[in-house]
Amino acid sequence: MSFTQELAAHTQELRQQIHAMPFNRALANGSLSPEIFQGYIIQDAHYLEGFARALSLAASKAPEAQSIAQLAGSAAGAIAVERELHAHYMGLFGVTSDDFEGTDVSAACDHYVSFLLRSAAIGDFPEAVTALLPCFWIYRDIGKEIAQTSRADNPYSAWIATYSGEAFDQSVQRMLDLVNRVADDASDATRARMHHAFQRSCWHEWRFWDSAYHREGWKQPRPEDVVTG
Amino acid sequence: MSFTQELAAHTQELRQQIHAMPFNRALANGSLSPEIFQGYIIQDAHYLEGFARALSLAASKAPEAQSIAQLAGSAAGAIAVERELHAHYMGLFGVTSDDFEGTDVSAACDHYVSFLLRSAAIGDFPEAVTALLPCFWIYRDIGKEIAQTSRADNPYSAWIATYSGEAFDQSVQRMLDLVNRVADDASDATRARMHHAFQRSCWHEWRFWDSAYHREGWKQPRPEDVVTG
Amino acid sequence: MSFTQELAAHTQELRQQIHAMPFNRALANGSLSPEIFQGYIIQDAHYLEGFARALSLAASKAPEAQSIAQLAGSAAGAIAVERELHAHYMGLFGVTSDDFEGTDVSAACDHYVSFLLRSAAIGDFPEAVTALLPCFWIYRDIGKEIAQTSRADNPYSAWIATYSGEAFDQSVQRMLDLVNRVADDASDATRARMHHAFQRSCWHEWRFWDSAYHREGWKQPRPEDVVTG
Amino acid sequence: MSFTQELAAHTQELRQQIHAMPFNRALANGSLSPEIFQGYIIQDAHYLEGFARALSLAASKAPEAQSIAQLAGSAAGAIAVERELHAHYMGLFGVTSDDFEGTDVSAACDHYVSFLLRSAAIGDFPEAVTALLPCFWIYRDIGKEIAQTSRADNPYSAWIATYSGEAFDQSVQRMLDLVNRVADDASDATRARMHHAFQRSCWHEWRFWDSAYHREGWKQPRPEDVVTG
């Protein structure tokens, strides 16, 4: 069993829950409300910027030139995807740049980005790169699964085409290969940290979608949380 | 008005809500349940380790030698405080090292630490140091406020003494001075990022205490979050 | 006068000395010894790996998405250029992969890479990006100058074509624009640090070529540096 | 044989050459010229600031709380030592703050600092901490060796007392223990990188002293390095 197969086995339940989320089911059959998708795509833009930063930071620590190029290339690619998808959906839904600029990052998105950047900043390379894997892997698996059943007139077909497509698949495969190579040389302690980072990022993936579906922002103190008098 | 007075003015409501939280009211009159305090002190230990990392990372970028020494000294001091308070309360409440090691970091604590480390890693020095300020400043203000009313037999008097004490007060004053010095030389864009970082850390302070009071761990998918069939 | 014009004015003498170095004059007329060029191209490969790391690290701190993509793209591009030029010259001169792997980085190359990584790690973004500018700018200017006089049968024409070409020119122009944009928002203190970083990297450029021309490795203690008896 | 004994064995010749340098022999018998010592102590101040930054950056990545405190404590301690020794020698030799501020860092000092910061920034923790070891270890060994023969009226007795003293000895021993602990858990590839980082820092130690003895600044192009006409 490869190391990434081990990672998959240890997170099977959570990853299945992500596939089964109402957001993804509604995306698949095209019934997802445009308001929810708009909110999601704005958060995704915030996310992809942070994701690109974390990929770049990890690239700076890669063990050899090929991996620097791969991770830096994925960083540049994440920004490019973000722009294309945005231009498409902002046009489709009539979202303006001002709508986008005026929408604050959600707590779930911000926590995920902070986790990735922290892993890349103070974790070693194996930890950094494994924290970055779920976003590649889960998006591809969701994209491919949805693509099998989605109809041509699905308003979200551009999103589905991006994440089920050949170009993204190749970048995911290179990440899987990189994590497996790194794991081969890693001590047991390092592998344990890789498992932990992977599990945490899978949790953040779930929270990202869950939060987008419920259009959550930042939790605020409720009156009952404050003692008065 | 100094820059730190501006920071205080912009976050007044949230900081007052932190003072008024049931956790802090119950800590003040000694009625806080030992279970909640134990959970809190374990999360605080997780937090102080991350806080010390973020202080160290910020120290590496400080503009001159004095600030490096200040921030690195605070990092070493945070670990020392953590050990003393822990040894004290683990003895008082019969918490073993195994209890501690076996208790996972909470989501609220982990998100806060990730935010601080991200700010120190990819933010510039003014942003990094302003993100670190609320933990100093709010703890001192809570400590001093509680110390005014707390009775000598309060089981949490060691905690109160630490955060209302002279040594901590001096380290807080040095942080306030440092942030004011840095703000004096900062452009408007940098000051805007400093305000943002301060506000976010204040929010994380609130979440940390709120989460400890409600003994929250990591949110999990509920049955209604999953589409079956 | 734009900020990059100021940078150019302050380093005019040193940059002219680089243009006038025997290495570059001999490269231009094709008389550079293959042994010196081989040594240079191996050091250049070591350099480009470190340069790509520093570009990636700077990308992680960029103020907005476009600059992340630009710098990460340049990082991936630096590795691609290194591979193409290497494959070409290793074939041309019969240098094997083993020759390459077996050649240690020179002190001049290592010091330059360390300086870039240090600037990107503990400097703020304006400092990081200005330290990275001379390698772009000086190579383009040398490349273009040499291209004007070099004959078609120059054995170094592939090198000359790379650095005098359109694709490289565009990436240099984007770096100049980025540094100018960043300088527009920078305080005087930040601009002073940008000048300093630029001057240091120009010095390292000179040392890199000077060291390659004289085939220097790592200075070692001489007998007269040691007191015996 | 412990890992640090291995490190010592692999660098025996270079470390002996450092002990035998004229700078250290003249320091031991008090004959070192005040001009050379002044130049050295100014560079040492530049160095200790960078050393403290690198210690702080390494602290942020330490595997557990105790090592964070140790490294951050050493960072704060390095700044404290710098100030004490400086105040002492600036008074003794009549060096003013302006003399100090007006003296640029030497190339040898700057390259060493850049190497340490690069190791701490993109290396993993074992590499970072091993790069930092020579400055502790070599200074202690030089300090103790000199202390055995130095007379009470040696003008450099404050320097000698600092580096041969108990407090410094304890911090060195903690670094040796830390490197040995880290090496115990490290893979062979990691240990190879640790050896490499140690060897490089020993070389920079030699260059630092050699450069201070010869009062070197930054090498500049000579007339014969420039092709004119």
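For reference, chains read A, B, C and D in written order, and residue numbers begin at 1 within each chain.
Definition applied: a residue touches a chain if its C-beta (ideal position, glycine included) is under 8 Å from a C-beta of that chain, and two chains touch if they have at least 3 such contacts.
The chain list, named the UniProt way, goes like this: A, B, C, D = Aminopyrimidine aminohydrolase.
Remember, it's a predicted structure, so these values are computed and weren't measured experimentally.
Ranked by distance of CA centroids from chain D, the top chain is A. If you compare A-D with A-C, the chain pair joined by more contacting C-beta pairs is A-C. As for how the two copies chain A and chain B face one another, over half of their interface residue numbers coincide.
Separating the centre of chain A from that of chain D, both taken as means of CA atoms, is a distance of 44 Å. Work out the mean CA point of chain A and of chain B, and you get 29 Å between them. One finds 35 Å separating the Cα centroids of chain A and chain C. Looking at chain A, one finds that residues 53, 57, 60-61, 117, 120-122 touch two or more other chains.
Chain contact topology: the protein chains form a complete graph, every chain touching every other one.
Only residues 14, 17, 20-22, 25, 53, 57, 107, 110-111, 113-115, 117-118, 120-122, 200, 203, 206-207, 210, 218-219, 221, 225-228 of chain D touch chain C when the two sit together in their complex. Here chain A touches chain C in the complex through residues 48-49, 52-57, 59-62, 64-66, 68-69, 71-73, 75-76, 79-80, 82-83, 117, 120, going by the rule given at the top. On the chain A side of its complex with chain D, the touching residues are 60-61, 121-125, 185-187, 189.
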